[in-house]
Structure formats: structure tokens, C-alpha cells
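Once you scroll down, you'll see the structures, which are given as C-alpha cells.
Across the two complexes that follow, chain A remains constant while its partner is chain B and subsequently chain C.
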Partner chain A sequence: MSKRKILMSLATMCVLSSAAMADGPKAGGVVNAVIQPEPPSLMIGLVQNGPTQMVAGNIYEGLLRYSPKLDPLPGLAESWSVSEDGKVYTFKLVKGVTWHDGKPFTSADVLFTIEFLKQTHARARGNLVQLDKVEAPDESTVAFTLKQPFGPFIGIFEVGSLPMIPKHIYEGTDFKTNPANNTPVGTGPFMFKEWQKGSFIHLVKNPNYHVKGKPNIDEIYWHVIPDAAARSVAYETGKVDVLPGGSVENFDVPRLSKLKNTCVTGAGWEFFSPHSWLWLNNRSGPTANKKFRQALMFAIDRNMAKDVVWNGLGKVATGPSGSAIKYYTGAVPKYDYDPAKAKALLKEAGYNGEKVRMLPLPYGETWQRWAEMVRQNLQDVGVNVEMIATDVPGWNQKVSEWDYDIAFTYLYQYGDPALGVGRNYVSSQIAKGSPFNNVEGYSNPEIDKLFADGAVAFPDAAREEIYAKAQKILVEDVPVAWMLELQFPTITRCSVKNLITTGIGVNDGFRDAWIEK
Partner chain B sequence: MISFIAQRIAKAVIVLLALVVLNFFLIRMAPGDPAVVMAGEAGAGDQLFIAQLREKFGLDQPLPVQLFLYVKGILSLDLGFSFRQQMPVSKLILDRLPATLLLTGTAFAISLLFGILFGALAARFAGTWADTAITIAALIFYATPLFWVALMAILLFSVTMDWLPSFGYETVGAGYTGLAHVLDVAAHLILPATTIGLFFMATYARMTRASMLEVNRLDFVKTARAKGLSDAVIQRRHVLRNALLPVVTLAGLQAGTLVGGAVLTETVFAWPGIGRLMYEALLQRDYNLLLGVFVVCSAMVLAFNLITDLVYRSVDPRIEFAS
Partner chain C sequence: MKQASRMLLRNPGGMIGIAILVIAVAVAMFGPLLFPTSPWRMVQRPFLPPFTLSGFPLGTDALGRDVMAGIIYGARVSLLVGLISTLASLAVGIPLGATAGYFGGKVDDALMRFTEFFQTVPSFALAIVLVAIMQPSIVSIVAAIAIVSWPPVARLVRGEVLSLRTREYVQAAVVTGQTNWWIIWREILPNALSPVIVLASLMVATAILLESSLSFLGLGDPNLMSWGYMVGAGRTVIRQAWWITVFPGIAILVSVLALNLIGEGLNDALNPRLAKGGR
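And then the complex of A and B:
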């Protein structure tokens, strides 16, 4: 490059960076967002439902955050290292961090958190199953030693999975009845201010936040609006600025997205990778037959569901793993929409028109419409479908008691097949009473072994090979009918910038967000 | 009269206890329980987690033991602990009570006042265009689903005209105090209270009209006319008062439901009242909270039935209390 060109490039960079500075984050402002349903509590160590995570993700923090590609990013830990044998994970904590009440955050809090969450957090308990011991050599260092290498371990430190809990508030108390549960204290960018049950939750900026210059926003109001149409109106009339994914019915999204100063994004779901499928009861009835299950895969027009019900957001699922999570492979048998092939397979399966009970997911109009679309697809190839209406508790009971033939569902995958995929297919997870395990009753010793090996295989390349094989076998067997990798559209005023910067999305808090004035 | 009231209160307590037992079993007959719902929300409901929740909520105990503990609590005025909200049920209900009473009380006043007024006007001008207009409007408001009226009201007055707020109890974050706060709450109250009020107003109007027309035909009205009393005095003092008994009955029934709130209206307008609390408790199978709301609502219905009986006496002195 000539000297002139270099000078010109430098000049351009200066102009661009000045422009970037001028247009950069502005401090101040209030964001009004919707939260639905109202969280039962904001103490994220005790309650881990979606709304709690969404609000409390601003108050609490984890050791790490994750990029949209699920690479670890600094959180309360500024750096980390893994021993050569893959068994020891050492974290260096950010120095000078304080809890919202002014007490220092140290490695002792991390040690306490582990013991706390083992008692209260079902998912954390599962994630820590390979943990042998955790030690704090000094105030700002924590070392986790595993019994054996556990591939997904580096992926379990986000705020919803392993939120840091203040030792000085909870040690020696009954966690569940601690009065501090109503006035949560974290290290996060926003502090709890007020909660008027049934109306709103008010968070204010943490002036002592450990990341210099953040957060930019002064206040967040989370409005509790129970009716989906009323939430749309609240946005339309300018009373709220942010509708997190799933806040409004999908059929309202195109209309809202055309409003002035409105941006819509499907980003921020990479870590959760909500994966939807139809549970097919592998134990009895037509769905026990592999050919029948394969026929269903060919009979359902999943592209149409994506385009019509989900407004084009998301992707058609190719198998048990979402494409955003580790070790995903698309090199599996394909099930494109092909009613003729479906009919042929139904014939081969010896299906003679028996009634098949289908449970839609009772989560609102979007899911109802989707179920009706699938029923129509199945009826078109000659499957006799009966829809069973339930509410959420009724759906939970029917599914966990295996009282269904086909049931809609979607589950989070948490970035790694060992965390969010295996539980739905391995034999050890066949147990009545829970609607979140191997509900379909699929049992294959080869799959059991592959998932058992995959969780502890080391290094990464070994895991990749194992999970690729597992995905191929599962897609061939069709224990469930995979539908879509979901993306719930987040709708915001375009003037709210940088709302979603990580793979955790809105649940990672509004730390980086700012308002263009 | 005192013995009448005492007797009615004693009976009411027995009815209330019977209702508690009935409701206790009724809601447990619905599929699903709070442990499975909460595990589902956490997205990781393994069997251990669900078992822990059941143990924590006392749902692992035999049903008769659960009933015994609940009734024992009720007798000591303890409505129990909400599984999901992790707060005492009585606190949750008391927190929501003012908003609900404000909404349903306003709706009650609107509907009673305007219902009787329009009913009386329709009766007075029976057969005219005014009567036809009031009757048709009453029929429409009576027959239209509340949630639809609510949504249309929002569309017209909030979205299109931007006159009134579409949700909530107050403008969040505005920090209004004194008169400004009262006016702010009033602005939020207009749409939901009118929505509920319209339905009951239509009922009262129809009831008042029919009743007044019936009373108008009675002999004592002819006598009053023969005595030379003015029509306005006859209608107000003689006809309306005698025609009010069925309206009082209906008002008593409506008043009994004041605490239960208006589930649909509270949901559409995000009004933080008891109706929503009850609806959410039902969806989450929050047994104690649901039962607690039922207990309070049942007590209100029983109390207002008693008050209605007392009001009968003052409206119509011919009615006597049987002891």
C-alpha cells in the first residue's frame, strides 16, 4: 500500500471513529418493557422461570456471558483457564466489584453460591454433576475441579444458570424465607427499587457498577400486562418501548413491525436455542411404529408453519440439535415436505385410520393455530387426528403421565447437547411425573452410550464425532417429530440501541443498551 | 331484627365452611398441580425437583391431612401461603383489594345510577322513540361480550383518539401526588369501570323498565292520579319505589361479586385487582391462593345477601323479619 493510501485510510478511520464517538452510547433515559407473566419472585437463585430470569438478569450476574456464537465472554470473571487434562477450570474475578448494598464480591461468594444452588436450582444441580470440588486460593481466584472432563462445563456460567448469590445475606438463613428475597441484592448493572404486584417492577441504575461507563440507561420499568392484545396496544400507543420475544401473538408482529421507529429481531436466543417438536408416544398406538413416525415428518409442511405462523423467523429443525448449539450437524437424513411419501410410509406401517390424540401447547393463539395447521397436514395424508384441549397444568399432567399420542412442545437446549438435548432421548430419563425428560419413551442403548460418552469426552473433536453419530441415528429413528428452531421476535423502538448483545439476549440484562435521543 | 341477623350470620358461617371443603376438593379435581407447573416454568423439572416442591408445599401429605390443616388455618383466620407468589395469601388479597373495590365499586355506582335512570325514562316514555332507543342499547350492551367491548373501547379511546390510557392503575413513573394522582387514577379507571358498568347498567335498565310498567298498572297508582298528584311525584314516590325490589335483588347479587372483581376486564386493562389474581392462581394451580380468594368472595356474597334482605325491609316496610 502506498504512503498516500495509508494516510487516506488513517484519515477515513479518524473520521469514522469520530462519527462513531458522536453517535456512540448516550447516558440517561428510561426504558419501559413488558414482562409476562408476572414473575413469582426476583430471587433468581430460588426461582428460575423465564420472567424471573428476564428481570433478574439485570440485577444478578454470572461469572461469564456468551457471545451469539456461544463463546465465553467476561462477566464477573475477567479471565479463565482450563488445565491440560480438562479437569480444572480457574477463574480470575474482576476486582473491586461490590454488591448493591456496598459489600465486596469475592471468591467466598462464588463458593457459597455453588452450595446454595445445589439445593435450589434443578438445572445447576445437573450442570454441576461432575464437580468434585471448588476452591478459592485467594479473594479473586476460584478453581473448579471436575471428577472427569465435562465438555459443557465452560458453558454453565451465565446469569440464569449460575447466578452469583450474596453470601453475607444468605449464609446461615432459611433461603426460602429470607426477607431479602423481596428486595434482591446482586452485582448487576441495575438495582431493585420497587415492585407493585400486578402493575410494574422498577429497577434503577447501579452507580457503582464494575464496568466503567455502564449501564447507560437510568431506569427500567417492567410493566405487567396480562393480555396479549393489550400488550400490543401498549406498544402501539407508545407506553412501552420493548416487547421481549413472545410478548405478543405472532399474527400481531407484522402489523407492529410496520409502526414508525420499530425494529424487530430474532437475535438473542442462541444460548437457549428453543427447539420445538412433537412428542410421539413410542410405547403404544400408531406412533410406536418407526415408519408411522417417519411418515409424520414427511406429512408436515414445516416451511409453511415457519412462514405463516412464525412470520418467517426461525429455521426448520433438521434433528435433535439446534443449529446454534455445539456439535450440530446438518448431515443427517432429510424429511422434506412430501405427502405422497408420507402416504406410502403410512401404508407400509399398516396404519388403518386409528384415532391419534394430539395435545397442542396451551400457550396462546400462535400455538393453537400451529396445531390446527399440523392437524390439517396430517388429515391430508389420512391420519385421523383428535385435538385434546387442555390448560397448562392439564397439559403438564397428561404429558408427564404419558397420556397422549402426539404432543407439541418446545424446550431450551442451553448451548450444548449434554445439557439440553440428551435428556430427551436417553433411557435413564424415562420416568413418569416430569414433562421435561424422555417423555416419548424412546430407548436405544447405542444412543444411551453415545450421550454418556459425549458428555465426558475430551478434547472437543472427540465430542464432535460422537454427537454427529448420535444425531444421525436419532434422525433416522424419529423418536419425536422435530419442527422448528424457534426465534421469538423481540420488538423495540429503533431508538433503543444495543439491547441484545449476547447469545443470552434480553435475559442478559440491559447493561449495554442506550437510548438515541 | 338482632336475632334475625345473628341467625343469618350463624348460617352463613356454616355455609362458608361447607364451601371451603367443597372448593378444596373441587380445585384438586382439576388436572395438574402447582409443583409440575412451577417445575415447567423453571424449564428443568426433574423428578427430584418436583418432589421437593411437593414436599415444600405439603402436597405430599394425604388429602384429609391437607384439608384438616387448611380448615384449621381458616378457623384461626389464616388463609395460608401462596405456593407461587411465596407470600401469605391474606397479604396478596389485601394488596389487591383496594384496586378491585375501586373498579367494581365505581362500575356498580355507574350501572345502578344510570341503569335505574334510563329504565325509569324508558318506562315513563314507553312506546316512544326514547324507549326504543334505550331498550335497543340495553339489549346490545347486555348481549355483547365484555372483553370485546373492552378491546373496542381501547381501540377507540386509546389507540385512535388517544384520550384515555389503555392499561394499568396509574401512570407508572409519573410520580403524581395529591389531586394530580387522583385525576390520573380516575383517567385509568374510566374505560374498565364503564366496560363493566355497561353490562350491569343494561340489566338494571331493563329490570327497572319492566318493573315500573307493571307497577304503573296497579290500583294505588290510579288512586294517586285520582287524588290529583303530579305525574313526576307519582313516578318517583310511588311507582319507582315499589318497582325497585327486583332491582335491589339484582344489585345485591352484583355487590356480592364486587371482591371477585371482573376477571376479563381486569385482564384486558391490566388492572391490578383480585380477579386477575384469581385467574393467575387458577392457571398456576396455586391452591391456597385460589381457595383464599374463594373464601373472601364467598364471605362477601353471604354478607351482601344479608344486607339485601335488610335493604328490602327499608324499601318495602310490609316485609317483616322472621326470627
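And then the complex of A and C:
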């Protein structure tokens, strides 16, 4: 069985590389990219914020990579298999891999990594709760045994979620103060060269990379440019060639995409699938009424928000799951823009003009404009909205303390409903003091049970059925008002080829990229 | 006083200022009757350039909101904030300055140290901090502007009172046994008023600028359309759509200029030395 898997993965690799051949990748060249904001550290095992993942994802590697459809692809593991009962995951590691300092990468590093990340990586710790034990029968085999079948497990091996950490550098040291944190050592296609704080991060090609013929690019400079307008100008003047998603304001995107030799894509965010919605306070005020919440869904013109505020990027969300997330279903009640229906529902709900407080997300102009648009939509159907201005700490505090009626937000979904969706709706995740998870205070025993069952159901078909049911109930209840599946467009010179090939896009994309001369 | 107003009317700068201000006030009062829809309403396609559609002479902004309507409704907010915050700072500054100047000694010391305490902090920075702490709203903005702009009033009034209180008519009032507060109110303040009026007219201008700067930085009342908000929101798209920032910018410029012209004119009209020359 595992032999078949190996053959399959080898075949995939051949297909991938021959496809690349057909395009005629050229070796050499330097890429200048923007990184925004400057990461606090590049040691991805300790720090996992966005910019860290983006740069360090090209230095470190995980056991698996994921296609835009979130199917696993070989990474440091060349093949893998799951036992019949869904409890044992066995990985065969690529042979002959070395760390950037020349030491070999083996199964011992994997075992060490699990211990390391349990201490330092909150999300990994959560992903590993179902892990019973991990063993290394030989130097290039690792077996994870779970307490019970846990379908999402195959989705937790991406470089930002479970990056491989070098045992020989960190074993027996204080991880947080290890001087090696400043000179990250991974197995990835690029090696850390230099970091001039406030100016640039310089990576160079790993000549001993384990995939033959890769990477093609010789050097990457990640430029730190604090002002959004200056980042656009840097692209226009040719100082940088790659603007990763979110590094320029939305309204600059149409202008920049009209420039010569410029390509724009929304791909490369499938794994994260940023999903935006309005928290609706289910505990008190008008938003505690289901009819009122449904009325909001009908009152808000989400297509217009997409076209005007987000310049046509993204997709109207149909429910709690993004369409790239596993077990997504579109077969749920629909809420198309219909002010008349909204008014009727408001009447049914017995709403009589009480003030409704709305918190915009204080993340810049785009979000401010969006809130103004939604306020107008709601005022049009007779909801008395008062916008509250806050800064980021103020927003965090108000949302954490449940001191709001409506609040904008967006969160990542990590590919599987058990990892990134359920947490926002199950009652066990209601906790005052956190701006994440079940902030709206929705509590439904049926939903709790469905998500609990869905996480451990086996095989996949059983999970699919459970999650379809959960999505239907949630969309009917409108615990939060889903807005858009966000897209953060990546802007590049068209001569930078093949940069976005996986579900995490630029984060591990430079491995396969090349420059046309 | 009559003479002063005649002087002011003869001053061309002052006349222009008054004319502009009258127009601005008229727009603020009656404009919303001509533009009954809310300035926040999205009425046309976004980024409509000015002078292309007759209903939208100044074009639309990033969300398709009418820039003209925004300027008209913004006039209300700007003028109102300018006026109320000036009145509020006068209400603090005049009594404080008069008390300090009239009683002198330790009272003066104490009050002036207190005033200096506010003067040493850069006023705009203080205003930002105050608004940020109190949460941006029209009330907090007016309060913040008043709090940062009363010290000059207090100092000015103190200086005037200091010189007036040694005049003979004041001493005569003291001798006749009138109470201190009565003397301040009836004898001193009316004579100290002219420089305060000049200062107040300039303060309205400063207050409008302050409100605009706060809104520009995103610290405006999010439920009210103001010129500063329009400039701030349009700033980021200035390369695609200059008109979103330029027109409210002109509105700020013109109204502040008008108030300054009026201040100048008042200064000339109320200055006894200049007035004598004119007679």
C-alpha cells in the first residue's frame, strides 16, 4: 500500500516537473519582494504571524505541502499512508535531505519538532490534541498514532502549522533565547543570508536543496517599506517585483494591474481562506432576535461591497465555511440583497428603532469604507445604527468584553471545518476576554454535537454529511452575518513565473518560481 | 461700537470675509433643504469625475457618495464645532484670566501656573490624546478643542485686566464700594472685550482647522460628515480621484481665510489708534 503511495507521489512530482519543463524555467535571477509589516522574527517555530510565515516559509519546510484544492503534496515526506482504522499516519521522509548547515535531516528531527512546537506553537498544540504518540521506526519513517480517528489530521503539516525544527541546534537549549533564532536554519530552498532591520531581508539559494534543479532563483530581497503608498510607488518605479497579498491598499490594485508587464492573482490563499463576517451579539439587544439577524443579512448589499470596496475581488460568503474549505456546501438558505424582505423581517422581529452599535475593524481605509457602506444599507431599511470609532486595542477590548451589537472581523480557516470553522460557533468556545472564537455567544446543543462528531467521524463521507447539516442549521440561525470570502491579490511582474502553485501561495512559492529574461 | 462696525464695513478684506461667512452659514442652514438625502448615501457610481453629470457637480467619492452633499453637510459640522468650541474656551478663559488679572498676587500665580501647564503641552498632540481617550464623537471633539484653546484667552484677558484695573474709573468704582465681581463685570470686561473679539474670530478658524485635522487622522465623529473626514478619506485615492480631496480642502481654506479676514478687519476697526486715524 505504501509502495503504491510512493509511486503515486513520484508520478505527481514527475508531472509537476515536466510541466515546469514545458514552460522552460530559467535558472538565475534576483527577486525583490515587499514584506509588510516587518516580521518580529524569522524563527517560525516561535513566531507565526503573517509576515514571518511568508518569509520563513521559504527557509523552513513542513512534511507536506498543499495544492490549491488543499490536497496534500509531498514536502519533506515523499509519501504517506493512513491505516484502515484512520488512527495511524505513517510518513516516509525524503532521503538525503540536509539542513542548511550540512547536518542530515532525519526522523529524530521530526520527533523533536513535535515536542518543540507543543511548547511554542499554540495552534500546533491544538492540532495535536488527538495525538497519542509519535514514533520513528527508522531514520526515514515517522508514525503518528492518534487516540481516535481525526480527519483533519492530514491537513496540519504545512510549513506554518508544523515547520520542521533542527534538533541539533535546539536540543537542550532555551528555545526562546537561543542565538540561532537570529540566523534561522531550515531545510528549505532558500537560506538566510542577512537582515538589515527596517530595510531588507536577504535570502540566497540553497545549492544542496533536495529537489533536483530547484530553486531556480538565486536571491530574494524582502524589502521593508512601512507606508502603503510608498509600497505602490516602489512597484511602479521597479524597485520591487512582487507585492504579496495585502501589501498595497485595495484601491491601488486596479491602477497597478494596468501597468505593463503586471500580473494579478487572487490565488494562493486557499489554505487560509480569510472569511469576513459581522459578529452579532446573540446575548442582548435587537441582535439577540433571530429574525432581526436574518433581516440584517437581507439588508446588506454584499455584492456591491465586493465590487466597490474590494474592487471586485473575493466572493460573497454563503455561510460559515469558505468555498475552498473541506465539506463546504452551497446548499443552504440564501440571503440575496432584498431590502423589502429585510423591512418585513424587522417588523416581524418587533424592532422599534433602538440604537444598534457597530464597530468597524480598525485596519485601514478599506474596512472603514466598508463599515460606512453597511451602515448606509442598514439605515436604508430603518435600523438605527451608531458607528463607534475605535483603535485596534479598543476594538479588541470591546469585542472581547462583548460590549458591542455588531462588529466587523475576519479570520483564517485553515482548510478544515474542525480547525477553523467550528471554533466560532460551538458553545465550549464562549470565553470572555478573547476577540476570537465564539464571540457572538451563539449556543446550540445540536451544533455543539455536530461539530464534536464531525471532527472525529470516519471516513470522510461521514464527515461530509455531518458538516452539511451543521452549515444548514447555522445559515438558518445567522449567529453571525457572513460577508465575503476575502481575497488578497498578489501583484507581480509577469516575468516572475510559477510563483503561486500551492494553497499558501507566496509563503512557500519561491521554490518553484523562476524569472523569464 | 457703531463706528467700529462702520470701519469694518469699509475694510475690503473684512467685507469679503463677512460675505463668504454669510454664504457659508446660509449653506449650512439651508443647504440640507436642497440636498435632502444623507451625504453618506451612495447615489451614483463611485469615482464619478466632477462636472460630468448635472446632478453631481462635484462628482462622487470612493463609494459613490455625492461630494457636493458632503461639503454642504460638512459646513454644518465645521461651523458648529468652530463656534461652540470657541464659546466654550471663552467661557473658561475669560473668567480665569479676569480673576487672575484683577486679584493678582497668589491667585494670579496659581492660575497662571495652571494655564502654563496647558500651554507647555503641544495643543494638537493634547487634542489627539484627549479625543482618543474620550472616544471620537462630536462632544469629545468640541471638548478637546476647547481644552487646548482657552489658555491664550486667559492670558490675553489677564493682561488687559491688569492694565485696566489701575485706571481711575476702576479705582473710583472701588471707592464707591462696589463688589469686586461687579467691577470686573461692569467696568473692566466691557473695555477689555475688543481684543478678545478679534482673538475669538481667529479661534473659530483655528477650531475648524483642528477639527479637520482630527477628522483627517480618523479621529472625527464617524457618524457626521465633515470636511476633514472627506479630505482624510479621499487622501488615499488622490492619484485616481483628486476631486474628493480638493473640494473639501478648498472649503476649509476659504472658510478659514474668511474668518481670518474678519479677524483682521475687526482688529483694524476696534483698534483705537487706527480708529482715530480713520476719523
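FYI, the second predicted complex is superposed on the first by the 493 of 517 C-alpha atoms of A that agree within 3 Å, B and C clash if a C-alpha of one lies under 4 Å from a C-alpha of the other, contacts with A are read in each partner's own complex, and residues count from 1 in each chain.
Everything below uses one rule, namely that a residue touches a chain if its C-beta (ideal position, glycine included) is under 8 Å from a C-beta of that chain, and two chains touch if they have at least 3 such contacts.
What you see is a predicted model, and the numbers here were worked out from it, not measured in a lab.
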Self-check item: Fit or clash between chain C and chain B when superposed on chain A
Solution: fit
Quiz item: Counting only touches as set out at the top, which of chain B and chain C does A:91 meet: first, second, both, neither?
Solution: neither
Quiz item: According to the contact criterion defined above, which of chain B and chain C contacts more residues of chain A?
Solution: B
Quiz prompt | Touching partner for A:144 - first (chain B), second (chain C), both, neither | solution = neither
Exercise. Go through the superposed model and pick first if A:387 touches only chain B, second if only chain C, both, or neither.
Key: second
Exercise. Classify the contacts of A:122 with the two partner chains as first (chain B alone), second (chain C alone), both, or neither.
Key: first
Self-check item: Touching partner for A:105 - first (chain B), second (chain C), both, neither
Solution: neither
Exercise. Based on the superposed arrangement, let me know which partner A:229 touches: chain B (first), chain C (second), both, or neither?
Key: both
Exercise. Go through the superposed model and pick first if A:397 touches only chain B, second if only chain C, both, or neither.
Key: first
Quiz item: Upon superposition of the two complexes, what minimum C-alpha distance (Å) separates chain B from chain C?
Solution: 7
Exercise. Report, in rising order, the residues of chain A that make contact with chain B in one complex and with chain C in the other.
Key: 229, 390-391, 394
Practice problem: Going by the contact rule at the top, pick out the chain C residues touching chain A in the complex. | Solution: 38, 40-42, 46, 62-64, 132, 135-137, 218-223, 233, 236-237, 239-240
Exercise. Going by the contact rule at the top, pick out the chain A residues touching chain B in the complex.
Key: 30, 32, 37-38, 40-41, 47-50, 122-123, 125-126, 176, 181, 196-200, 202, 219, 221, 223-227, 229-230, 233-234, 236-237, 239, 390-398, 400, 411-412, 431, 433-437
Self-check item: Sites on chain A touched by chain C in the complex
Solution: 228-229, 249, 251, 255, 304, 308-309, 360, 365, 368-369, 372-373, 375-376, 379-380, 386-391, 394
Quiz item: Given the complex with chain A, which residues does chain B contribute to the contact?
Solution: 30-34, 36-50, 56, 84-86, 92, 95-96, 99, 151, 154-155, 158-159, 162, 165-170, 172-173, 267-270, 272-273, 276-277, 279-280, 283-285
